[in-house]
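Let me give you the structure first, and then I'll get to my questions.
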Amino acid sequence: MIRTQLPLIITFFTGMLLIVTFFIPHKPFGDLEQRFLIWYSIISGFTVLLGLDSLVKYHLTKLKKEFNIHSFILLFSLFLTLILGFYSWFKFKTPFALNSPFMYLYTYVIIPLQATMFALLAFFIASAAYRAFRARTFEATLLLIAATIVMLGRVPIGSYIWKGIASFISTIFPKIPYEELAKKEIFALISDWIMNIPQNAAKRGIFIGTALGGIAMSIRIILGIERTYITK
Amino acid sequence: MYFFFLFSLLQFNYFEYVKSYDTPSDEGGSISLEWQIKEEFISEENPIKFFEIYRSEKKEGIFENVGFVLSQYNYYEDKGLKDNKDYYYQIWAIREKDTLKSEIIGPVISRAQWFNKNRFNVLVITIILFIVFLYYIEKARKGERLFIRKISGLDAIDDAVGRATEMGRPILFSFGLGFITDVVTIAALSILSKIAKKAAEYGTRLIIPNYDPIVMTAAQETVKEAYLEAGRPDLYREGDITYLTSDQFGYAAGCDGIIMREKPGAIFWQGYFFAESLILAETGHAVGAIQIAGTTAITQLPFFIAACDYTLIGEEMFAASCYLKPEPQMLGSLKGEDFLKAIILVILIISAIIATLSIVFKNFYFLNNLYELIKNIFTIK
Amino acid sequence: MKNLWSKLATIDRRIIYLLVFIVVALPMIFRMIMPIRVSREVQMAFSEIDNLKPGSIVMISIDYDAASEPELQPMLIAILRHCFSKNIKVILLGHWALGLPLGEMALNQVAKEYNKKYGEDYVNLGYRPGYTALMVGIGKEIRDFFPTDYRGIPIDSFPFMRKVRNYQQIDVLVGLEAGATGDAWVQFAGARFNQKIILGTTGVIAPDMFPYLQAKQIAGLISGLQGAAEYETLLKKAGSAILGMPAQSFVHLLIIIFIIIGNIGYFILRKRR
Amino acid sequence: MILNIIGTWLAATLTLAIFSFLYKDNPFYKLAEHIYVGVSAGFWVIYVWAFDIKPMLIDRFLTTTGIEKWILLIPAILGVLMLTRWFPKTAWISRIPLSFTIGIGAGLGVTASIQGFLIPQIGATLLPLTTINNILLVIGVISTIIYFYFSKEFKGTWKFFSRLGIIFIMIAFGASFGYTVMARISLLIGRIYFLLHNFLNIIP
C-alpha cells in the first residue's frame, strides 16, 4: 500500500505546490521553482552513480563470460578518465585547469569525437533527402518543393540559378527586361516567405497542440491517473 | 523678474521626471526606477552615451554607482536590496561632453508581494484548464462512451513488434535525451509499457540504451512490470536496459554501434531528441529496421518524418497513452483537450473577425477596445 | 534501360556520402574562393586592429565552447593571424572552462605559422570562475586575478606583461561570445573603464549586440561564419570560413541534384509499372 | 609541444575512425565508439560533481548558516535514497525521489506550458485579416489545430481542414529541413579543415 500510494501522494503534492507557488512571489515560495530545480540537479548528481554502476556491471559481465577487447577498452577509458579527473581536481584545485591531464583528454579525445559525430549529419542529411523526398503523394511533393526552394534561397548559387532562369524568361518574353528580373533574389524571397508564413503557421499549430497535450499529461500525472512509472 | 528666477531654478532640472517605486509582484529586495530626460537636452552634437544609477541609504550620504543602462532605455531595476529600508537615488546622464545629474529622489522602500499580478492571465487560464479537464475526466468516469480516431503510428506498433519477431531480431527503444522532468518522457514510458507487453508475449528481446540514469531506472521498472503482466517475468533481463553516457553524441555513437551489431527489426525513437535524431534514424534505416518515431521536439520532426516509417507528431505523443490504454479517465482528459482546442479555434476566429471589423469601421471604438482586451489576455507581462 | 532507372532510384547511400565528401573537400584543397561582400561592422572591427602599432596589446576572451566552435573558432584564428602578422602582443583568457582548450589549440597553431614565442608574443591566462568580479577587477589590477598564467608561471616573468596593470595598457579587447558574457564585457570593461571592445558572436546572439554597436559601446562586430569569412577576406588570408563558403553552395546543389535524379528514376519506374 | 603533436594525431585518428562508419561498421569505428562512451561517461561524472554537487551542495552546505544549511540535507537524502535501487529489498524506496522529480516535471509542465507556449502562441495569432499573409497564417494555425483533433472522425468540412493542416505541416517540415542543411555542412567543413590543415598541413 505505502509502496504505491506514497509515490503518488508525493507527485501530487510536489506538482500542485509548484503550480500554486508559481503565482506567489513572496518568500519562501517565490524561488521554490528555482530551488526544486537545484534539488533535481543534486539528485541527478547522485544518480550518476547508478548510471556508472549499470555501465560497469554490463561490461564486467560481458568480460567475465569471455574476454573481449572492446568492453575492456571501454572500462579502461572510463576509469582512466575518472582517475585523471580526480587527480587533476586534487592537483590543480579544479579538473578543468587547462594544463591538467583531464583537460588534455577532453581536448584531444572528446572534442574531436563530438565534432565528428556531429559532422556525420552532413552526410545523413543528404542521404535522407535523396531517399525521402520523392513525389509519391501530394503532401510529399510539397515537402520536397519547400525543402528545395529553401535550400536554394540560403546559398549564393541560388541567385546564379535565378539569373539563368531570368535570362531564359527575357529571351522568350523580350518585353520583360533581364536586368530587373535578375536583381530579384526570387529563391531567397520565396524561402523567407515560406519560413515566415506557412512554416510559422504550422509550427504554431503544433506548439499549441503540444502544449495542451503536455498540460493534460501533467494533470493526469499529478492526479495519479497516469502511473506507468509506478509498479506494484 | 520673479518668473525668470523660477525658470533658472527649473533649468537646473534636466529631467522631465524621475520615479522610484517598489518593484511590483516580486519577492522583495528590488526597487524600480524610471526617468525621462527633457527634450532640450537631447542633441546630435552632444549625445547621451548612457545613464548611470547612484544609490545611497541617506539623503546626504555618499552615493554609490550601482549600475548603468544604454541611452535608449529609461528603466532600471535595482536588485539585491534589503526590504523595509530607506533608499535614495540619483540618475546621471553621461553625455559625450558632460554629465547631467537628476535631483535626489526618495526615500523609497522595497517589499515582497503575495500575488504576482503579472501572472493574473496565466492564473485564470490555469483554473479554466483544470476545471475543463476535471469535468471531462469525471464525466468519463461515470461511463460515457468516447470516440477516438485512428493514429496510424500507434496502430503500427503491433506490426513492428511482430515483424521483428518473425525476422528473429530484437527491438530497440530509445528515450533520446529527455529527462524524467520532461513530461514527454512519461508519455514515452506509457508507449514503452505497451511495446514491452507485446515483446514479452512474443518472447522478443527488448534493448533500451539510456542517456539519463533516472530515466533508465523508470524504464527498468516499467518493463519489469509489463513482463510480469504478460506472464513472462522470466524473460526480463536488466542487462538489456543499460546506461550508456550523458554525452549527446557519445550516446548517438553508442546507439549506432548497438544498431549495427544487434540489427534490430523494429526501432522506437520516443521522447525528446536534439540534433542526434537523424544520426540515429539514418543508421536504423541502414539496417532495414521498421522505425516508429515520436517527439515533441519540433526542430527534429522533419528528420524523423524523412527517415522513419511512422512519426508521432507533437500532441499525438501525449494522446498515445490514452489511445493505448483506453481507460475511461484517460479518454476523458483527451476529450478535454479537444474541447479546449475548440475554444481556442473560436477565440482565434472571433478575434480575427473583431480585429478586421475594427480596422474597417474605425469609428467603432467598442470593437477596437474589445480587440485590445483579447490581445491583452494573451500577452505575457 | 529499366535497370538504369531503378539504379537512379536506389543509389547506394555510400555513393552519396562519397560525393558529399568530395564536394566539400575539393574546393578546400584547391582553395577555391568565392567573392564575399564585407559588411560595415566587420570592416570596423578589422580596421581597429589594423590601425594598431606593433607592440600594442590585444586581449582575447574565449567565451564559448565546442558547441559554437564551427562559428567562432575561424574568427579566433583570423584575429590571431591578424595580430601576429602585425607583431601585436596577445593575452588570452576565457570564462567558459570547457572553451579554453579551443583557445590553446588556435594559439599553438597560429603561433607556429608566424614563429611567435610563448611569453614573448603571447600568453594564455586561462580560466577563473566568476566573470563579473573578474571583469571589474581587471580594471584595477590584473594581478589580483591572474598572478600567474594557466601553467602557474608568474606573469611578471614575461617581459611584455610587466607593464600591463589594467585596461589602460590593453589597446583592444576582443570578446568571442556565445552567451551572456558579451553584455558583461560591455557593461563592466566598456562602460566603467572605457575599454575599446570588439565582439565576435554566434549568429544567434548577434542581433542582441547591434544596439551596442549603434551606441558606440563596441568598436566592431563579427557575426557567425559569414562574419568570419568577411574578416578572412579583409585579411587576405584564407581560413576555414572562406574556404568553406563555396562548399556550402556545392553541397546544396548536390543534394538538389540527388533529389531530382531520385524523382526521375521513381517516376519512370512507376510509369513502367 | 610533443604532447600537442601526439594529441593532434590522436584526434585525427579518432576523426577518421568515426568517418569510417559511413562505409560500414568496422573495428576502427567500434574501437572509437567504445573509447567515446567510456571517456564521456567518465567525463560526465566529473562534470556533474564539479558543477552540480560541489557548488550546489557541498560548498553551499559549508558556507551557509541557519535553516538554509539544513534544508540542503533534503535533496542530499533524496539523492541517497535513489541509490536504494542497488538492494532489491529496499529498491521501492527509490520511488520517493523518483516521484518527487516526476512531480517537478508535471508541475512545471502545467505553468511553463501555459506561460511559455499556449499564451504567446495564441497571442501572436490574434491578427486582423487584412493581408493575404495574415489570412494564410490564421488559416494555417486553425487547420493545424484541427489536424490534432482526436475525438471526432474526419468527415466533410472537418476532413478538408485536417487535410489542409497536414499540407501546412508538410511545407513547414520541408522548409525546416532545407533550412538546416547549411548548419550541418558547416560542421563537416570544420572537420575536413581540421584534417587538411591541422593534421596534414596541406592548406593554409
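Letters are used for the chains, namely A, B, C and D, taken in the order the chains are written, and counting of residues starts over at 1 for each.
We adopt the following convention: contacts are C-beta pairs under 8 Å (C-beta built on N, C-alpha and C of every residue); 3 or more make two chains touch, one makes a residue touch a chain.
The structure displayed is predicted, hence computed values, not measured ones.
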{"item": "Path length in steps (a step moves to a chain that is touched) from chain A to chain B", "value": "1"}
{"item": "Relative to chain B, chain with the most remote C-alpha centre", "value": "C"}
{"item": "By number of C-beta contact pairs, the top two chains", "value": "A-D"}
{"item": "For chain A paired with chain D, centre-to-centre distance based on mean C-alpha positions, whole Å", "value": "3"}
{"item": "Chain centre separation (chain B, chain C; CA means) in Å", "value": "31"}
{"item": "Between chain D and chain B, distance of the C-alpha-averaged centres to the nearest whole Å", "value": "13"}
{"item": "Inter-chain centre distance, chain A versus chain C - centres from mean C-alpha coordinates, in Å", "value": "24"}
{"item": "Set of chain A residues in contact with two or more other chains", "value": "19, 22, 40, 43-44, 47-48, 50-52, 55, 94, 96, 106-107, 110-111, 113-115, 117-118, 120-123, 125, 127, 129, 131, 133, 143-144, 147-148, 151, 154-155, 203, 206-210, 212, 214-215, 217-219, 221, 229-230"}
{"item": "Multi-chain contact residues (two or more partners), chain D", "value": "18, 21-22, 30, 32, 34, 36-37, 39-41, 43-44, 48, 82, 85, 98, 101-102, 104-106, 108-111, 114, 118, 122, 125, 138, 141-142, 145, 148, 169, 173-174, 176-177, 180-182, 185, 187-188, 190"}
{"item": "For chain B, residues contacting two or more additional chains", "value": "119, 122, 126, 129, 179, 181, 183, 186, 214, 217-218, 243-247, 249-250, 253, 301, 303, 305-306, 313-315, 319, 334, 337, 341, 344"}
{"item": "Touch list for chain A against partner chain C, complex", "value": "94, 96-99, 103, 106-107, 111, 114-115, 122-123, 125-127, 129-131, 133-136, 144, 147-148, 151-152, 154-158"}
{"item": "In the complex, chain A residues that touch chain D", "value": "3, 6-8, 10-19, 22, 33, 36-53, 55, 70-71, 73-82, 85-86, 89, 94-96, 102, 104-113, 115-123, 125, 129, 133, 138-140, 142-151, 154-155, 191, 194-212, 214-215, 217-219, 221-222, 229-230"}
{"item": "Complex contacts: residues of chain C adjacent to chain A", "value": "11, 13, 16-17, 20-21, 24, 34, 66, 69, 97-98, 100-102, 104-105, 124, 126-127, 150-151, 248-256, 258-259, 261-263, 266-267"}
{"item": "Chain B to chain D touching residues, read off their complex", "value": "119, 121-122, 125-126, 129, 146-149, 151, 179-183, 185-186, 214, 217-218, 243-247, 249-250, 253-254, 256-257, 260-261, 299, 301-303, 305-306, 313-316, 319, 334-335, 337-338, 341, 344-345, 347-349, 351-353, 355-356, 358-359, 371, 374-375, 378-380"}
{"item": "Footprint of chain D on chain C - complex, ascending", "value": "14, 17, 20-21, 24-25, 28-29, 31, 69-71, 73, 105, 108-109, 225, 237-240, 243-244, 247-248, 251-252, 255"}
